[in-house]
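Labels run A, B, C, D and E following the written order; every chain starts at residue 1.
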Amino acid sequence: MSTTEEKEQTAGEQGGEHGPEEATHEPVKPGAWRFLIPIVAFGAGFVSLLVLGWVIFPHLLYGEKQQPVDFSHVVHQEAVDEGCESCHFFREDGSFSGIPKLENCVQCHEEPMGESSEEAKFIAEYVEPGKEIPWHVYARQPQCAFFSHAAHVKMAELECAKCHGPVGDSDHARPYQYNRLTKYSRDIWGWNIAGFKKKTADRMKMDDCAECHEESKGHKDACFVCHK
Amino acid sequence: MRFFAKFSELDSALIPKGVKRCSFQCFLVWIGILHIPLMVGVVATLMCWGLALNVTYLNNNFPFGLWIAADLGVIALGAGAFFTGFLRYIVKIDELKNIVNFAVVVGVICYAAAQGILGVDIGQPLRGWFIFWHANVHSMLTEVAFCITCYFMVLCIEYFPLILENRRIYKFGFPHGVAHHLHETMPTIAAIGVFLSFFHQGSLGGVPGVLYGRPFAFREGFLVWPWTFFLFILSAIACGPCFTILITWITEKFARKRLVKRNVIDILAKISGRMLALYLILKTIDTLYWVKVAGDVGSPFRSFYANQPYGYWVLVMELGILGVIPAIILLSTKARQNENLLILACLLNCAGIFMNRWIMTVQTLAVPVMSFDKFISYHPNWVEYASTLLWLWLGAIFISLTYRYLPIFPQEKELNPY
Amino acid sequence: MDRRTFLEILVGSTAGAGAGFMLTPVNWKLMDDVTIWTQEVWPDFFAGIPERGEVTHANSVCNLCPGGCGITVRKVADRATKIEGRRGYPVNDGGICILGAAGLQLLYGPWRVPSPLRRVGKPGSGKFEKISWEEAISEVVRKLSVLRRKGKAHTVASILGSDRGTVPNLFARFLKAYGSPNFICTTSAEDTSELALKLMQGGKASAGYDLERANFILSFGSGLIEGWGSPVRVIKAHSLWRSGNLRKRATVVQIEPRLSNTAAKADNWYPVNPGTEAALALGLAHVIIRESLYNIYFIRNHTSGFEDWTDSAGNTHMGFKRLVLTEYTPDAVSRTTGIAAKKIVKLARAFARARRPLAVWGRGKGSVSGSLYECMAVHALNALVGNINKPGGVSVRPEIATHTWPRVYQDATALAGFSRSRIDGANTNRYPLTKYLPDRWPQIISRKEAGTIQALFVHDADPYYTTLDTSAVAKAFEQIPFVVSFSSYLDETAFHSDLILPNHHYLERWEDLPTPIGLQKPMLSLLRPVVSPQFDTRHVGDVLMTIARSLGGAVANAFPWRNYKALLKETMGDKWSTMKKTGYVEEADYQPPIWKDAFATRSRRFEFYTTALKRAGMKRNKDLDYLPHYEPITPEGDSETYPLTLIPYELIRLADGAIGNPPFCTKAVEMTELKGNDIFVEINPKTAGDYGLAKGRYAMLETPKGKAKVLVHLSEGIMPGLIGMPKGLGHAGYDGYLAGKGVNVNSLMGVVEDPISGLCATWGIQAKLTSV
Amino acid sequence: MKEVHHKGHGNEHHKGHGRTYKYGMVIDLDKCTGCGACMVACMAENNLPFRKDNTNDRLTQNFWMRVYKISNGRPFPDSEICYIPRPCQHCEGYDHHHHTPCVSVCPATATDYSHETGIVSQIYTRCFGCRYCMAACPYHVRVFNWWDPKWPKGMNKYLNPDVSVRMRGVVEKCSFCYHRLQRARNKAYVEGRREVHEDEYQTACTQACPAGAVTFGDLINPKHKVYKLKDSPYAFRLLEKLGTNPKVYYVSTKDWVRKAGKVFLGNEGRG
Amino acid sequence: MFPFAFEWVNDPVHFVFMGSVYTVLILLVIILHYCGIRGFLDWLCKKEDHNDH
């Protein structure tokens, strides 16, 4: 139906309309190389989106906060007798205490125990006014999840590090990153923006729960095992 | 004014060669008029999304209402696309090539409408993708969702070459080539479409049919598979072509000229009539059997029709007035030739399918199951109507644009030389 | 660059960007995150989901009704999240009623009074300003000092929900020291019942019903499962009756014109003409006596006034037997009550022959005081079958003695004021036996000259809503220049007060609670703070003591305690430690006295013929007046204009007293009782036919006291000619969750006084219902 | 149309993974007084919303436990009333024949029948509100969140953290207070037990019922009270004939109540 | 985890259903790419012709 004459004609007619604004790209090469133009343009668009998606996007998505006190698990591990359970213990009703309340801390820290400036700050800012420490919880699970520490630690005898990683060996509290959209801790999706993980502790999404359940129990379990 | 002139110029450059279209001003006014009800629909949709579904008359007794009935209805009406494609590319009824493009256009609208309405209907549209990601393949809705999404893709692929065939786009070499090759593969695509459509048209029957807690819609054993399955396919392919005819006729009325030759229409009408007749026979058997089964287990049949507005008239209306009458018209060669009768038959047939889908969903829910349930009636409110009719206006705009700029009626030039 | 190059670059880079985008995690990640946003952030935005925390439980007692159930409050961190029935508690053992379960809505609701409020708008306008406690208290003190100085101490009155426990006693003590006799409490069927016991058995005690062991329960309109007595306990007893092999451990007979839940659950339902229950009771007595089915031993040895008797002056008096045998033949009773004579005979035999029969009295939940003679007639049935102080019967139950307070020293002003006669007319020659007549004072105030009451304290009561003939109450309130409410909630009375001094909510405060109503064993339980006060509220006891101290002089001296808790501790004495530990003390081994010692009447016997009434100075001379008999309490209104009779009915799902119904309970109200803001009245389809009324349609309900637009509900469970209307709706106070829903049936009713006690004996009112 | 049956057939699915339970309920209608405490206890336990303009028509109000008032329809004075508390029936269906009506229809696997506990779960964060399950349920136990979960100011304080607050646009229903089982299990695990005692796991309505009309427990454990109660000659289940195989049993000595409850279709059903 | 099916269960229904879905999707993708690439190649050939011309 169409003819080459028509094509050239229209191009000639309207060519001047848009030209100058778009001249930022490489100059037009005449002749045989011309067919490369769309290919190069394709490549440029492709690469810039890749950079945007993989490098810039995570910075936009996640915000960062410092923990109120730079807590050293190493120092505390040495000071206590019963390992993690000295501070992260089970209550009588089977629930897990999670991050200790101030009252637990005060049992030892009524007065400064060491020289550290962080401890001094902690005592001045929280112990003395009796204010709870607003910790940011790396592993905070969503409202809809019921995570039973008892089932995992007491029954399945999992190590804390299996999910939490080697927190106990940390000498400093790492910065807490949170998803600006969902308010989740970054640890849930994992620090890899693509969601790839190497170790079990790298991610805490439902898939990861299901993966482990499938390995150990042979099935992913019913929804209500962990949901509420 | 200069802008307008520019656009007007562009507009005339886009209009297919050798056909006459109304003036650009006239077209703009027409599109503008369509935007008035369209905006009402948009407002209704935004209300549903913004204020939650309490703005509708749906309630806990009627979780399904107009929207689901409309969904099932438009999918059936859109069956014209797959069935015409099937006849054209697989059965190879060559005349149908003159209407198959338009059938695709109607199909695209219907399937887009189905998805769009579902997008308003569900309470959490932002999570709608769960139906694919967390699919429960035992659910009829999953099957339907997968099929209509895939089939919508197919329809888009079928529609795509039409765009490429636009006068201006076609001039570029690349689109030309793509369109050409797409045309080549069209039979394969049509076959995929037929496969998909076949399944979800049937599965739609299963949507209420598997609800064994709702004895009104529930069928068991042979009656559910393959009976209901094929009943739904049959009903869809009986009315789909009729809907295509109806829309073609309406388009012709607006265009004020013939666009498709009578013999093409007649073929579709004839096939539609046969399908409808077959459907009615099977549906009657199904109904009688259902009455018998219902009678066997304690005669709730009467109770199904005990509460107005769902009395026995529903049965008479659905099968008689909206079933037998159009079937007779469509089967009779003489009656078919009368355009008024033909269009009446198409209208009745399409209304019949809609009524059938309404009965299968809304009446199913209205019939009390527990002996101490209270009968409650449901009717949609303006929000539901507006957000559903929105797709009518969108469809009208879509057809207007397609008709104006794309060569969808191959016989138009021949029928209207100038 | 030419147009083609531009297009190629545009299309190429867009396609490249598109392809690149598909290979980034952005789309998948955002799709996931948007979803999580809908799952977590969105609901949280609306609901404000609180933090998780440690779960603890705290025990206390519910005081939303006189039932006194033990409750266990589940807390998460410092929030109370759920009220449950306390397991092992003597009253309710783990069960809880609908209102109790919704208690937290009252605690955290927006209808709480957040701080002391002073009215700024016109009276009743509901416009208040927040003021400090000091300001509020000093305002009260200022007003009270002025009144006292002017010698008008007696014009101060208080209306309370109860007269038992330390807080009511503090009020009584305050008024006594201040110089006013007008300590008024709202009354209920319990008051009439106590009076009947006093007259027939002597002494001051409440009735305890051994519902658990009774095996034939004859209920004269008592809503046993609608909140009569201590609701959970009675419902538990009901379950006991329904246990056993054939689920018939006990037979329950309900006598009531309407098919209430109790009637529906009863083995037999006798729809009686409303207000004729006494006649039926006496008709049953007739059969029992005629057929000698009564407990001859008890009647012969421990009762007086059964047979005709001669007094010391030689006058012969009619005995109960003669009265009943002559006046209440089944045929006569049948004509009055509308129940077939045959049925009466059958019922009487069944009742008397049962192993442990028990007749209970108190219409509905027992919120209306009722007719004294009717109560006596029913109690006479209990006496006939000899179940007084017996297992499965009715017994007297004293209160646990607590440490008595030092005597109040009244100065001259106090003495002068205190000796004036009461505003409500109780304890006068006209009504010598009655303690309070809370339903009478509105009329009295409106009749008498202004200034009768200069200040009114309201605590634990909502007279503005609960008193019958609401418009008269409103008028009375207008006459009182200074109304102080101690309510925790913005109820009607608070709404029409000049000053609100909000008390702590019951889950925030210490208080003692007397024995739950209807229990056989004396008990004392402790209300204790479960959560810290949520608003700027203060304990009413502390506030009252602060006021007294600020008034100075003898009034201040009457309150030597440091604060309310110190007073409570001192009052409880040696029981305090147990109460604090377990939440209650109970005389578990309490046994009602045996017949020989049971009766404190002058004759030391159960008196059918109450000499006490005679001695009290009643100006009545017929023998009949001292015997239980049927004296119709005629409803207001002429039956020409008002051909139908409106009877209010009570629902356990609708709190109809001083506490407004919480939203959960209102949500649970049946759709045949409330629809949107419209209330339903229940009528028989026959009535509907007679008056051209249709199901579900609007109608105008009119009584001599007022009119209201209602919806019509047709029910086969109500006697033709009657209109049933649920109690507890039509609030104006609280909040949109309750206010404006339905009609307050109290506003359509008037007070009909009992001829002897003067208490409100209204059971209905003539009405007409026309379709609109 | 596909043959529809259980996904992950119960028995093989859980082979070697501890005991299975069938939690169920027996409700004694002779004892039930229709007081509504179960409804409110449920609403309080499970963070159910309420609104100012509740029209009490039960059509847009959310109840997990709803008490039906039924009448024998006879004229005065032979009229009778019975109350039927109706939690989720937790239908089990019959293997390979009938399945839990709502589970198989859910397109997103937001609802599931657990063969370990016999509880039909509903995951609000998974549900996207298509309401197919509501159409499937003949008991109307499933309700939709037509509104956003708003509470009057300050009322959010009593929200139970063990139960998620449902966002608008999702379906919700009674869970047999599953979170209580989760808590009870926690306690058992810490104490070194795998089994939860009967009284450790009771639903809110069971616990609240002042009449003791609701009994809850493991229907297949002979030590549990429900085991015997469900075999009462007066026991029936709602719409038994449909073949939903519910796990809520009712007991009533009144014939008309039993008939009203179980009858939909006349003849004896399967199972 | 299999794409598009988190709730994967090893039963025939899943295989058939998901199998069909994927067959359809793959077929469509192949067709689109086939047409696109063929069209592009055609265009390139033509273009060179044109330039030579």
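Keep this in mind: a residue touches a chain if its C-beta (ideal position, glycine included) is under 8 Å from a C-beta of that chain, and two chains touch if they have at least 3 such contacts.
Only a predicted model underlies this, so the values are computations on that prediction, with no experimental measurement involved.
Peer 1: What is the touch distance from subunit B to subunit C, in steps?
Peer 2: 1
Peer 1: In terms of Cα-based centroids, which chain occupies the most central position?
Peer 2: Going by the distance between chain centres and the overall C-alpha centre, it is D.
Peer 1: Return the chain whose centre of C-alpha atoms lies at maximal distance from the corresponding centre of subunit A.
Peer 2: Centroid comparison gives C as the farthest chain from subunit A.
Peer 1: Between B-D and B-E, name the chain pair that shares the greater number of C-beta pairs in contact.
Peer 2: B-D
Peer 1: Farthest chain from subunit E, going by the mean of C-alpha atoms per chain?
Peer 2: C
Peer 1: Based only on mean CA positions, could you tell me how far subunit A sits from subunit E in angstrom?
Peer 2: Averaging C-alpha atoms per chain gives centres 34 Å apart.
Peer 1: What whole-number Å value describes the gap between the mean CA coordinates of subunit A and subunit B?
Peer 2: Using C-alpha averages as centres, the distance is 46 Å.
Peer 1: For subunit C versus subunit E, what separation do you get between their C-alpha means, in angstrom?
Peer 2: Taking the mean C-alpha position of each chain, the two centres sit 76 Å apart.
Peer 1: If you average the CA atoms of subunit D and of subunit E, how many Å lie between those two points?
Peer 2: Taking the average C-alpha coordinate of subunit D and of subunit E, the gap between them is 47 Å.
Peer 1: Got the subunit D residues that touch at least 2 other chains?
Peer 2: Residues 2-3, 7-8, 58, 61, 109-110, 124-126, 148, 164-165, 167-168 of subunit D each touch two or more of the other chains.
Peer 1: Mind pulling the subunit B residues that touch 2 or more other chains?
Peer 2: 124, 127, 130, 134-138, 143, 176
Peer 1: Which positions in subunit C are in touch with at least two other chains?
Peer 2: Each of 34, 37-40, 43-44, 49 in subunit C touches at least two other chains.
Peer 1: In the complex of these two chains, what residues of subunit C are touching subunit A?
Peer 2: For this pair, the touching residues of subunit C are 1-6, 8-21, 23-26, 29-30, 32-34, 36-37, 39-41, 43-44, 49, 54-55.
Peer 1: If we count contacts the way the header does, which residues on subunit B are in touch with subunit D in the complex?
Peer 2: 52-54, 58-61, 63-64, 118, 121-125, 127-128, 130-131, 134-143, 145, 202-203, 205-215, 224-226, 228-229, 296-300, 361, 364-365, 369-373, 376
Peer 1: State the interface residues of subunit D toward subunit C in the complex, per the touch definition above.
Peer 2: Subunit D residues touching subunit C: 28, 30-31, 33-37, 39-41, 43-45, 50, 52-58, 61, 67, 69, 71, 73-83, 124-125, 148-161, 164-168, 204, 207-213, 253.
Peer 1: Sort out for me which residues of subunit B touch subunit E in the complex.
Peer 2: Going by the criterion above, the answer is residues 132-138, 143, 146, 150, 153-154, 157, 173-182, 184-185, 188-189, 192, 195-196.
Peer 1: Would you mind writing out the residues of subunit D in touch with subunit B in their complex?
Peer 2: Of all residues in subunit D, those touching subunit B are 1-5, 7, 58-62, 68, 70, 84, 98-99, 101, 104-110, 126-132, 134-140, 142-148, 167-171, 238-239, 241-244, 259-261, 263-267.
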